[in-house]
Every structure is written in C-alpha cells, then in structure tokens.
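We just call them A, B and C in the order they show up, numbering each chain from 1.
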Amino acid sequence: MKNNLKGWLYLLPAVIFLGVFMVYPLIDVIVYSFEEGYNFASQSYTGTGLYNYSYVLRDPYFTQALKNTFIIVIITVPLSTGLALLISLGLSSIPKVRELFQTIYFLPYVTNTLAVGLVFMILFKKTAYTDGMVNLLVKAFGGEAVDFIGGPYWAKMFVMCFYTIWIVLPFKILILTSALASVNETYYKAAKVDGTRPGRIFGRITLPMIAPMIFYLVITGFIGAFKAYSDEVALFGTDLNAAGMNTIVGYVYDMLYGNSGGYPSFASAAAIILFAIVFTITCINLLLSKKSSVF
Amino acid sequence: MSNQNDYDRIERNAKRRKLIKNTVIYIFLAIWGLMVLFPFYWMILSSIKSYSAYSSEYIPKFFTLSPTLQNYSEAFTAVPLGKYFLNTLIFTLCTTVLMMVVIILAAFAFARLEFRGKNIVFALFLSLMMIPNELVIITNFVTITDLGLRNTFAGLILPSVTSVFYIYLLKENFEAIPEELYKAAKVDGTSDFKYLVRVMLPISQPTIVTIIILKVIECWNSYVWPRLITDNSNYFLVSNGIQEIRENGFGRENIPAMMAAVVVISVPLIVLFLIFRKKIMAGVSRGGTKG
Amino acid sequence: MKVVLDHLTKKFPNRNKKVGGFVVAVNDFTFEIPDGKLIGLLGPSGCGKSTTLNLICGLEKPTEGRILFGDDDVTGLPPEVRGVGLVFQNYALYPHLTVEENIMFPLGNLRGEEKLTKQQMKDKALEAAKLVQIDSLMERKPNELSGGQQQRVAIARALVKMPKVLLLDEPLSNLDARLRLQTREELRRIQNETGITTVFVTHDQEEAMSISDMIVVMKDGVLQQIGIPQEVYDEPVNLFVAKFLGTPAINVFEGRVKGGSLYIGEDSVLDVKGVDDRDVYVAIRPEGFIVDDSGRMKCTLLRREVMGRDSSVVAKNDAFIGETIRAIISSETKVDTSKPDIRFSLKPAKTYLFDRSTEERIRFSV
C-alpha cells in the first residue's frame, strides 16, 4: 500500500500536467468541434451537429490552405528525402572531410526558423530599391526578375518549398548518414570482391538495408509537412490568408486567434480534419512499408 | 603478355573512374554546403553594412569595405531586443528545469518503482505520443485564457513542461542501469529518492544532457504557442520579437538593423551547437524531430 | 593457380594523428603459394595476416612489392578481375536475400559475353550448394540458418564463380567448438574436391596445423616461418614460433651453456655439443619431459592432473619464465606425489635453445 502511494506520488506531476494540457484538451476539442455557434465571451452555444465541419470545408480560405499544404507535402517530402539520400551517399564516400560537411549541413537545424526565414525573404524579395540576391542569379541565367515573396503564386510556392527543404534536410541527412554507416562494411567488401557494379550494390544491398530508415523519414516527413506553419510565417508574415499561402495549421490558429479569430469551434473542426488526414496517410505509409519490408 | 596489357588498361580505367566519381561528389556536396552557408553569410554581411550603403545597392554587393557595428546597437535600442532575449532565457530555463524534474520523477516511477496500475498508465502515456500538439493547443489556449494567464510566464511555460517522449527515453535509460545496483542500495538502506539523485542521475548523465540540449533548442525556437498566448511585447520571445520587428520595428526598410537582430538571435544556438556538436547530433539522431 | 607474393609491404597512416607516421602492417613479405594447396596464415591478432589476405584479394593495394597470380602481375588490379573468392569472418551474407539469391549474387555481376541466363545461374548455384551440402536450404533467409549453415552458404557464394584462389578470413572463429571441428574437416574436403588454391587466416594454431598443407607463421607484419605443420612444430626457427605452436604451450626457462653442458639453475640438465658458453633461453615441449628418479633436472612438484589418455605434471622451477611448468606424461607413469620434488630427464629432440637477445634458434648436437 505504501509502495503504491509512493509510485503515484512520483508520477503525480506528470499525470497532472498531461491530464490538464493533453488528455482533457483532446476530449474537449472533439466536443468543441460539434458545438455550433460557440461564443467565446458568453461561453454558450446554440446547438450540436456537423455544421462546423461543413462550414470549414466550404470556407475558401480552408480549401486554399488545404491545397497549399498538399502541394508542400507532395513536393518537399520526396525531394528532401531524395536529396538527403544523395548527400548522405556522397558523404559516406568521402571519409576525409565528412565531419566538416556534416557540421555545415546540420546548421539549419539549430537556427531559429523565424530568424533565418527573414534572411530568405530578403534574398528572394524584389522591392523598388533592389531586385534582390536571387533575382541577380535569375537574370544571370537570362530570366526575368520575379518577386518571390509578393509575386505570383508559383514563385511563392517555390520559395516556400525551397525553404522547407532547407530546414528539414539536416535531420534527414543525419538519420541517413548514420543508417548508411551502420551497414556492415563487409557487405561492401564482399560485393566488391564479386565485382558488383555500384548501381547494383546500391539497389540490391544498400537500399534494402536502409529501407526501414527511409520509411521512417518518409512517415515523419509527411507528418511534419502537413503541420507546416511557422516556416510560412517566417517568409510571408503573419497574415497568410492575404498572401494566399496559408496552411491547415495556419488556418486553425487564425480561426482561434488573430485577424479572423475567436472561433474555437471552427478551429477544432479544422484541427480534427487535419488529424484525420495525417492519421490516414500515416496508416497508408505503414501498410506500404510493411508490405515491401523484406526482413 | 597480352593478358598483362589488358590488366594495365583495367587498372588505369579504374583509377580514372574513381577520380571522376570523387570530383562529382565533391562538387555536389560543395554546392549544397554553399546553399546552407550562404544565408548565414548574407545575414552577417547585411548586418554590418550601413543603412545608407545597403539602400543604395540596387545590385547587392557580396562584400563590404566599410563594416559598421551601428546596426547592432540599433537592434538593442530601437526595439527591446534585450528584453526579448531575457524573456526567452527565463522561458527556456524555467521550462527546461521544470520539465526535467517532472520527467525524471515519472521515468523513475516507471523504471524502478512497483505500484498498482503501472502498466496501464504507461500504455496510456505511450498512446499520448501520437497526439499532435495542434490538436490540443486550441483548448489549452482557452484554458490559459480562462485562468487569466495570458501574458504571463506561467501561461507560456506550463503547457510544455511534460514530454511523453522524453519520459520514455529516460525510462529506457534508467532501466538499462543494472537492477543489482538498486538492490544493493536497498540493502544499504538508501532511500529511493537518494538513490535516484546519487546513483541514477549521474549514470544517466549523457541522456539527460541530450534531453536538456534538445529542449533548449525547442524552447529557443518556439513560436506558435508564445504567439497565441502573448500580445504584450513585454512577454515576447525572440521568435515573436523577430516577427514583431519585421512587421512594425525599425521601419520596414531598415534591413541591416533587422539582420543584426537576426544574427544576435541566431548566435547563442550556433555557439551551443559548435560546443556540443557531437552530443547534439547523437541526441537528435536518437529520436528528436524538430518541434 | 600459383600465387607469388614478392617483397610485399603495406603501411597504413597511424590512426593516432598526434603520433603521425605509419604503421607497417605487412613488412617485406615474400613467399610462394603452390598451386592447389591449402595454406594457413597463422599469427596472433594484429600481426598483419588479415591485411595480407586483403592484399591477395585486392581490397587493399600494397605500398611496395608485387603480387603474381601464375605469371600475371595483378598488383594494381581491382578484386573482381583477379578471380578470387573471399569468405568473411562474419560471413557477410545479405540478410534480405535467400540462400539461393545470396549464392547467385556474384553471378548477377557478370556482363557482356559472360552474362548468364537465369536458369544457368540457378544451376550453378545449385551445384555450389551441393558441394557444401546446403542444397535443401535454398529458400531460407540467412537468419533462419545456424552458424555452421551460414558458413557453408558463404563458402558456396565464394565458390560459385569458380575462383582461381579461395581466401577465408578466420572461417571458423564464429562457430562453437563441436561445429568448428566438423567444419574444418568439411573445408579440407571441399578443397580436395575442387583443387582450388586456398588461403585461410586464423589465430588458432591447432586449427591451422590440423588441416593445412603448409602453414605460414607471422608476427608484427613479418614472416617468421613457412613449412608443413609438423616440420614447423618440430623445428621452430625462433622463440616466438616455438611459443606460438602447441597446446599446452612450450615451457621456457632461463639457462646457460657452459663447457658443452646446458644448465638450468644449478642443474646440468643436458649435454649440448657445438655450442659456445653463453646465456640462452631453453624451451621444452610438454612431451619432452621424462619422469625419472635419476633425471638431471629437479623441480618442485605441485600436483598431477589426470586428463584421461594422458596426464600432466604441474611443477615449479626458479629459472622458469611464467607461472608453472606443465609436462605431459602417459597415464601409466607412476609419480610419487608425496615427495616435494620431482626429477626429469629431457628428450633432446624436444628441447630447443634460443639466443637471449635475438631469440633465434641455436642448434646443437647431442
């Protein structure tokens, strides 16, 4: 009996904090999402039903956010994973300067997303006073200067994806480099003695052996990209709806607070829709990885 | 001897192929290295250009001959950057310390203490790992508002002082410590708490340091929650400060001063990283994802 | 295929960068491996035997010297052109491929005229699998096999291309004692059947002696002695070789030669002709002792250990280097364990003298 008490005592702080800030909100958010016409000030609502969901799904800001998020996911997840794989492969074949490169590549991970986003904005922005650094390059290759921050949609999306990849790459490079390093050296020696071509070594030995890590990265990459928000704020400012670059998470926060804020019910509905999407895609990913897993 | 000629040719080809391959790899890696470093270079460069020099460059220059530190003093005087800094420091320290206490106690309970319901609670904890922050943040916002904790440190700190993932990480680590040590301590009459502090914590130091570092990085970069919970600039953290500076500070065009602020904000973490490089990278690859 | 190593030297940059310089793994190594023989490369760990194997196989390039396969100089060639098969200590079987796919893997690398059809590959794989008697396990994955079976798959994979030279790196060290005995006979059989020149590396002298046609003893990158096993055991050229071969280990004493007589402590234990007066190391094989009440060598008797077929006498002597002397005697020999001392006479053919400073063998006649 005394032991029981002691165990729970040690656990108490964690249980309280998780209860208040995780378990209760989880239930509450579902309740919110079905309460129609909830009023923040009076804390009253007019009815229950699916109205919040149908409102959100018909809100053009939400569909725009949905579209933006999907584009970011579809472009950045495969590109960043592929690029990270290429870089890690490169790193693993140059042992001499690997540490230096690894250190450099990891820098974006430890920087403040908002702060460096500002630098990216300046590099890409075209103003009355200057075309900006990147446009200098664009013109050098014979293109025409574009305002990547306040200009056409595709240009903004390009910067968005570029910055997202820049931010997520360090983690992926780190994971893949250690995955590659953990493949036993003798497999490569054995393949070399047999005269295996580099392409076949990669396809038949390296890839199957690091496949679990690649799947891990793809899954976490999907989850992360669906939750994209602060990178967008860093580049385009807090009013993402006006920039046409909002994301689902951004929509949730805007509904909660901000210029169009004060609607926790709509925010909850949007958050649950997001969770449903992420959950579905994660399940599909897991199924696929199980199916093709060779071990 | 024609065999020998063949062999010589094969040998030459192999050498040449290797050279080409290495050159391509180096060029490729160097290009990405440049892409990573360039924004940092540009932010430092812009921060030491004078405002007038910067504004007059229609075509930006890649270097400056008259560096100035003027922007840095402006960054600290024109906007309360020092205050943002201090706030972030307080926030980071309090959150990290509180979280360490909470998770160490919980991890110890799960790893070494026996009590009824332990397995069920642990399973529940694990299932909480799947819950994304975005889902619970809405109610938390309402809770903190109802408690009147907006624009207070308590409101900033409290929701992020537990992490199921870190409890899990630490519990695994605690369990790796041989149980004989615990039994020996019990035989000697050491109390549980004393054993935790005097034996387990020192042994688990590497993991604890890793968790602290990851949490500090997370705190230093946190943006979303502070933005929701503070609208009084007295409580802004650096991320919110940057956003504020961008939208209202300095006048929108004073980019050199903005860059100076960005440099100041970025430096602490980069210095921390360069000092603890190996620890941080090992810690992150063990399971930290950003955010 | 005859393999010739000609003044082979391999230096590695020192791992400890503060010290700098080079570590010489293989130093001026010259010897010829006759065609169709089974050769054991033997030495303590870190003596350069694995490096030598890697040099023959082509995974490492020598710093100096040449390697010849038959009459062809293959020194600079990449491994795949040399026609070698290599079996790794941990087998290096691809865990995601079946036994059959593992064995077929090297065949899939062939291109151009050599390219095989799927059926040809399957046939060859089956042939190799039959040779090592694992043809019933073709559909299994490596982690479903025992250590001994994995070893056989690794050998089949190395043999499937019919290499000119088969190289094995510590092939038996991952197996338990019983399997090791069985597998080493298997190895001998496979080598006999295929007739492929085979080199294997081991630190276990018993393993090397039992199956090799020739053994090569190495120490610190330097070749110590080459010969057929019995010859190397009977006639070691220096103290290292004498100590390295044989279990229980050879017994080494400090001794000196004076007036044609060998002294250990105060006892004159053996007449040695043709040796000048000098200090020497005396090394006596455990089977070199004869229990003899009138023997010339006196030791303190500690105990007798019975091991069945024969037994060992454990004794002490002040001139002995190490803990206790071990003499192997037949079980029928009577030893009076109530006495504090025991006397031995020595077999001259099992007693070796070595120079105190160079540790080279000093020959004597009785």
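The rule is short, and it goes like this: a contact is a pair of C-beta atoms (placed from the backbone, for glycine too) under 8 Å apart; a residue touches a chain by one contact, two chains touch by 3 or more.
Remember, it's a predicted structure, so these values are computed and weren't measured experimentally.
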| item | value |
| --- | --- |
| Most widely separated chain from subunit B, with each centre as the mean of CA atoms | C |
| Contact-richer chain pair [A-C vs B-C] | A-C |
| Distance between the centres, which are taken as Cα means, of subunit B and subunit A, whole angstrom | 16 |
| Distance between chain centroids, defined by C-alpha means - subunit B, subunit C (Å) | 54 |
| Junction residues of subunit C - those touching two or more other chains | 78, 81 |
| Of subunit C, residues touching subunit A in the complex | 57-59, 78-81, 84-86, 88-90, 92, 94-97, 105-106, 108-109, 157, 161 |
| Residues of subunit B touching subunit A in the complex | 21-22, 25-26, 28-29, 32-33, 35-37, 39-40, 42-43, 46, 55, 57-60, 101-103, 105-106, 108-110, 113-116, 118, 121, 125, 128, 131-132, 134-143, 158-159, 161-162, 164, 167, 192, 217, 220-221, 223-224, 227-228, 238-239, 242-243, 246-247, 253, 255, 258-259, 261-262, 265-266, 269-270, 272-274, 277, 280-281, 284-285, 289-291 |
| Of all residues in subunit C, those that touch subunit B in their complex | 72-74, 76-78, 81 |
| Partner subunit C, residues of subunit B touching it in the complex | 3-4, 7-8, 10-11, 14 |
| Contacting residues of subunit A [partner subunit C, same complex] | 184, 186-187, 189-197, 200, 204-205, 208-209, 294-295 |
